[in-house]
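Paired with chain B in one complex and with chain C in the other, chain A is shared by the two complexes that follow.
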Partner chain A sequence: MQGILKERVKQVFKNGTDHFDMSCDTPSTSGSVSQRACVFCGSRVVLYPIADAVHLVHGPIGCASYTWDIRGALSSGPELHRYSFSTDLKEKEVIFGGEKKLEESIVYLAKRFKPKAVFVYSTCIIGIIGDDVERVCKQATENIGIQIIPVHSEGFKGTKKDGYKAACSAIFRLIGTGKGTKPKKPSINILGEFNLAGESWIIKNYYKQMGVHIQSVMTGDSRIEAISNAHLADLNVVQCSGSMLSLAKMMEEKYNIPYTHVSYFGIEDTAAALYEVAKHFGNPEIIKNTKELVTKEISQLTAILNEYKIKLQGKKAAVYVGGAFKAFSLVKALARIGMEVVIAGSQTGNKDDYNQLPNMCRPGTIIVDDSNPLELSRFVQERDADLFVGGVKERPLAMKLGLGFCDHNHERKIPLAGFEGMKNFAQEIYISVMSPVWKFHEFRQKKQIGGQND
Partner chain B sequence: MLLRHTPKEVIERNALTINPAKTCQPIGAMYAALGIHRCFPHSHGSQGCCAYHRSTLTRHYKEPIMAGTSSFTEGASVFGGQANLVQALDNIYTIYKPDIVAVHTTCLSETIGDDIPQIVSKAQESGKIPEGKYIVYASTPSYVGSHITGFANMVSGIIQGFANQSERVIENRINIIPGWVEPSDMAEIRRMMSLMRAKYIMVPDTSDVLDAPLTGRHEFYPKGGTTIKELQSLGESSMTLALGHFTSVPGAETLRRLADVPYEFQDIPIGISATDRFLMAASHATGAEISESLETERGQLVDMISDMQQYLYGKSVAIYGDPDQLIGLTEFLLDLDMHPKYIISGSAGKVFTKRINALMEKYGKEAIVKNGPQADMFYLHQLIKNEKVDLLIGNTYGKYMARDEDIPFLRYGFPILDRVGHSYFPSVGYKGAMYMLKNILDLFLDRKDRDAPEESFELVM
Partner chain C sequence: MIKTKELPKEVTVNSCNLCSPLGASIAFKGIKNCMAILHGSQGCATYIRRYMIAHFREPVDIASSSFTEDTAVFGGGEKLKNGIDNIISQYNPEVIGIATSCLSETIGDDVSRYIQEYQKERTAMNLPEIILTSTPSYNGNHETGFFKTQRALVEHLCSQQEKTEQFTAFINIISPEDIRQLKEIFQSFNYSYILMPDFSDTLDGGSWKEFNKIPPGGTSVDEISRVSSSKTNIEFSICINSKISPGDYLFERFNIPNIQLPIPIGIKATDQLMTALEEITNTTIPINLENQRRRLIDAYSDAHKYIFGKKVAIIGHGDLVYSLASFISEVGMIPLICSTGGTHEKLIPLLTQIAEEYHYPVPQICLDYDHDDIESELEGNDIDLIIGSSKAYKMAKKLKKPLIRIGFPIHDRFGAAAKLTIGYQGTRSLLNEIVNLFIQIQQDENPVGYTYQ
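Now for the complex of A and B:
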């Protein structure tokens, strides 16, 4: 394809015409306007919903400021996760080390906030000045009597995915420390569900109706206690490809807990997820409950979705999200309401993920890894998209180009998971794509190529 | 209660910052660079920082924010980021075709000791900067200062990149450094200057950049921003008006040093007194007369205050945010007969407390003023828990306190993540003061209407 940085030609493909061999999992090209974030960001988003822990960012102020309650992960109890705690390192500590400041901070926090645990995130600079965060945390744990857990999330040491891993390792330290007893009912941990807009509550409710006990959610609306007893569950149900798979693998190895990989976006995927869990337990009661639940939910939904489908038929969508796995679900869900995906991409998909995309998308669909605004705006105009599904950095871009938008990332305001979520998703898309505002948009029909004004 | 974990009792802290009233340098540098026409901000560090800065600016302005990153990896952090930066420059000039690249550092590149001036001059020598294209830079480590410092440093960096000593002085033409204010404020300063028919160059100027209309095109470089021609001419102005101690004086000082252009300090023109002084200074320096229309606006503002003074008298206010703004705001509130009681800024600097204390003394009032380390919103909240105020003014992060303590809340400053309007409605000048006053009154009076017992519910206010 033309007009893209030569370093990026192996990260952009046109389905069916180019030979598909995605070169992903690579660092971003220097100088490109990457939409990607860092290791710290990955750790922060995974752990942040744990509401009774203190999340202390060890580093200069910025890293803490920018991650202050930006994710909208809801809690039914404590709200400690909505605070921003930073060691706020200054030049002095950069030269002489920040361990003392870290120690003092932990002591103060433990005393004043009485958290159930403290997560200490290392940011880039910690990796350079060489603070022994592990030692400080170990000592503090002994002195204070609560778990002080280091998160090795120095920003430059990989991509956001490495941050997920670091978060998983941090959680893994907690698991097994609880003194709970094994639940009597078949039980699961829900992994990779963060309770954005209350989504965990919806999912939990399904499992409850099925007769499955939820040992813990990691990490939506979660508590330290529940996580420390997560090893007592029978099955790990992992959502979202990137973020918590490594934890499931570690738990399988150490605690012999099998895991299954699901998605809760869209009808088919949600139903498949619930059936899979039911099948795993093989309990006729659970299977019966699941069938009833799914049948009821789908019958309620079908009519509604069909109506949206009639209205949205033939509209085109661009999908650019965090992981490729999420992109799959979106492609399916969009098809369900009559829309065609013309661009599918992600910030940090892996090879296996990407290899599935060409089969799911029509010929001509642009498939892209780690894209940038210039590319994205060119693609959507070339392919004449009506809708963009993405995150915060894509929103204003899409709007400027006169596209509808759906935030499928941190800033979603309504739950998009489960059956209810599918209804909300369809509605949100309908509202955005069909908004009367576009009629004031004279260029909507004669879209021009942007960014080439010289 | 969202912040239910905040205890009332204040216990001294030395180490920790909780709910900061500041952020880090690079975002300020990025904002300043966006105020230059066809300028591409570049973050020399790992990509996380850049992603955060762009996201935050995006959330505040609801505009796409374009900036590049050197995308440091482990290798770069060991061997230095020179190769990354040189490659980045190459890519940027090829693909994004800016006229200027504005490079700022991050904590990481500063700590590993990358020498930007040296890397830049190498890049220049080896022809990496195309003919007729420019590069400017600023050092912006976040473990020094705050976002305000980053803004000031980049303004200095830009001036340094272009300032020429000039024989020719264009009489009656001045430079204005507006400080870190909104695009709407920069537009308002321009409007006032053009009403006076005064000649000026403003640097930086984010109006017509971060308040762009929806057209169906994504203009990678919107039409606004200080132009290269203007930047090259800064040295020919007769003087510089630096609005704000923290955000503008360093740039003005740089220009004085390099091009012998004298400067005069003024506050950011927030409220009536500061606007009076700004206009008089501008008029004096340019020889342009303060226009009748501006005088009318002033009269309208005074009229509005006098009509509603009874609702303003004695109201206590907690304000937090950036120092230059808070100084202006404090004076305005005092002029309105209100009582700024807690004044908190995460950005350090002695000038701040000195100025605030002088203002309080002049008006015979007392306030708790704290800035720098541990001057954060956790502390402010504790103050409020101990003695409540009638109004809270500051950025979006105040909404937790406002809700918990049930205090009317005016969003002002950076960032505002949950409301719109700041890009379009100014807070500087008489017009801006009227707009701010209207918002304050609306808050008070809506509350009065909500809370008044039925028997004393009033129609006319």
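Now for the complex of A and C:
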């Protein structure tokens, strides 16, 4: 494809035209303006919702400031995750080492906030200045009596996905340390669900209705104790596969817990997820409950979604999200309301996930890994999209190009998961695509597509 | 009472500071046809982009050299050069601004040498200007990066020239609307000026007809190169350290007088600007500005009863804290707590002087404070209003105090880029906001529910 940086040629494909062989899981190209963040970001995202732990960022101030209370992960109780804790290293510590400051910070925070655990995130310079964070954490764990867990999240040591792995390793240290007993009911851990806008609560409610016990959610609205007893569950149900599949694999190996891979975005995928769990247990009561639940929810939704479908039929969407697995769900969910996906991309999709996209998308759809603003802007113009589904960094692009926009990132305040979420998703898209404001937009005037508020 | 952060709290909880590369990024955004690249991990660029996008609601493209483990071991030269190549091929900018990060500084990357090598290796190409600013985040904060970058720009682009009838204004971190206000003031004096870095269009642009790789607007290289022909410089900072001051640099190198002024909020601070402009242009204040001043005084009179004696906590960067304290004192409010994440000791005599002038006790001047320290300070004080960024909202909610949002970031309100607070006009708009807030509180609390004031 023309105009793509040479390093990125193997990361951009036109469906049906190019031979599809996605080269992903690679570091971002320098100078490309990747939409990805770093290893630290990956770790921070995964661990962030753990609400009764202190999240201490060890390094100069930036990393802690930019991640202070910026995500919509809700808690039903403590809210320690909404603080920004930093060792705020200055030049002096960069020269003489930051271990002492780290030790003192941990002691202070543990005493004042009484967390159930402390996660210590290493940022870029920690290894370079030679701080032995493992030693400090081990010592502090012994002295204080709660788990002080190092997270090896130096920004440059890989991609955001390596940060997910570092977070999974940190969680894995906790699992199995709990003194709980095995639940009597069939039980699951929900992995890769972060309770954005209360989504975990919606999903948990479905499982409750089905008769399935939730042993833990990792990490939406989660607590250290629940995580420490996660090894007692019968099944791991993994949503955001990019972020937490590695934990599921580690738990399978150590605790013999099988895992399944699901999505709660869109009605088809939500229904499939619930049926999959029901089938796993094979309990007739659970299967019956699940059928009832799904039938009821879908029958309530169908009429509403059909209304939206009439209005949105034929509109074209660009999807650029964190992981490719979520992109599939969005392709299906958008199709359900009459829309066609013309660009499908992700920051950190893996090869297996990407390989499923060509079959799901129409010919001509652009499939892209680790894209950048210039590429995305060009693709939406070439493919004449009406709507962009992405995160905060994509929002101004959509606005400048006169496109509707749906925020499907971690900052969202409206739940988009589950059946209820599908309704919100359709409504948000409807509002944005149909708004009359695009009538005034010079970019859209050229295309003669004015919004209609009917 | 002067306070500095009390030990033994070594840890920072809810910092007031952002890092130096963010300040550099805002400054580079004010340069015409410029792309910035942060020399460090991919996250630095992405986090800063996200933070700026949420505030300005504009596209903010900032590249990264995207360090990997190998880069950290062997140095970032190749990554940086490759990054510059990719920026040129994608964006074709006139200027590339490189800001370093804590990572590249800590491994001791010699970025100046990389740039020289790059320029030698690519002699056949028509290269953009490449400007380097050193912004490790363990040194200073976003204000530091903002001014250091302005200084780097003039250091790199200015040479000895004949002086002309023109002045240069180095702005502080103010809103795009404030920049437009400042330009209107300058234009009223009908005198030639260069304002830098002008991010009024790049970070608050209109709708686009055509796609722009780099948003239009900004101070051009040509303008910056002519800064050394200015007769005088105005620098909107009174807290600035001389080592990072672009104005002080130009004075030392080209003997251009540097007038350091507060951010013009309130009558006195705006008067100081007018006096400076009168002297520079050898004219008197234009009638439109004089009328604005009169209208502001009239508004002060109309407003005085609603706000007299109200006790205020101010949170912001050093210069903003000073100007807000000065303004609210003028209308009879009392800055009880003046706090900043910076370490500007210059604030102490300045705020003491204001207190003496308006006959109230010297405020608690809190330097090197985080939001958590400020919250503790507020708990023991009966205040009526907090002025700060969005990040002060949590304490405002907890303490049930109203919050007026000024500064950076404003992430929880619409229209941060359009917020006007400077000059006589801006002060009036800020005054309106404050007065209406108190009227509304009064109205909501009053069972009669008066529909007039």
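As a working rule, the second predicted complex is superposed on the first by the 444 of 454 C-alpha atoms of A that agree within 3 Å, B and C clash if a C-alpha of one lies under 4 Å from a C-alpha of the other, contacts with A are read in each partner's own complex, and residues count from 1 in each chain.
Here is the rule we go by: a contact is a pair of C-beta atoms (placed from the backbone, for glycine too) under 8 Å apart; a residue touches a chain by one contact, two chains touch by 3 or more.
All values derive from a computational prediction rather than experimental measurement.
S.K.: Name the contact category of A:Pro78: first (chain B only), second (chain C only), both, or neither.
M.R.: first
S.K.: Quick one: is A:Leu89 in contact with chain B, with chain C, with both, or with neither? Answer first, second, both or neither.
M.R.: Once the two structures are laid over each other on A, A:Leu89 reaches both partners.
S.K.: A:Thr177 in the overlay: touching chain B, chain C, both, or neither? Say first, second, both or neither.
M.R.: Neither: A:Thr177 stays clear of chain B and chain C.
S.K.: In the overlaid three-chain picture, which partner chain does A:Ser169 touch, first (chain B) or second (chain C), both, or neither?
M.R.: neither
S.K.: What part of chain A is shared between its chain B contacts and its chain C contacts?
M.R.: Residues 5, 7, 27-41, 59-68, 70, 82-91, 93-94, 101, 104-105, 108-109, 123-125, 128-129, 155-158, 373-374, 377, 392-393, 395-397, 399-402, 441-443, which sit in both footprints.
S.K.: Which of the residues in chain A end up touching chain C in this complex?
M.R.: Within the complex, chain A touches chain C at residues 5, 7, 27-41, 56, 59-70, 82-91, 93-94, 101, 104-105, 108-109, 123-125, 128-129, 155-159, 372-374, 377-378, 381, 392-393, 395-397, 399-402, 440-443, 446.
S.K.: Applying the document's contact rule, which stretches of chain B touch chain A when the two form their complex?
M.R.: Interface residues on the chain B side: 1-5, 7, 11, 13-20, 22-27, 42, 45-56, 58-59, 61-74, 76-77, 84-85, 87-92, 94-97, 106-108, 111-112, 141-144, 146, 212, 214-221, 346, 373, 378, 397, 400.
S.K.: Can you list the chain A residues touching chain B in their complex?
M.R.: Spelled out, the residues of chain A in touch with chain B are 5, 7, 27-41, 59-68, 70, 78-80, 82-91, 93-94, 100-102, 104-105, 108-109, 112-113, 123-125, 127-129, 155-158, 373-374, 377, 392-393, 395-397, 399-402, 441-444, 447-448, 450-451, 453-454.
S.K.: Name, in rising order, each residue of chain C that touches chain A in their complex.
M.R.: For chain C paired with chain A, touching residues are 8-15, 17-19, 21-22, 37, 40-51, 53-54, 57-69, 71-72, 79-80, 82-87, 89-91, 101-103, 106-107, 136-139, 141, 205, 207-209, 211-213, 391, 394.
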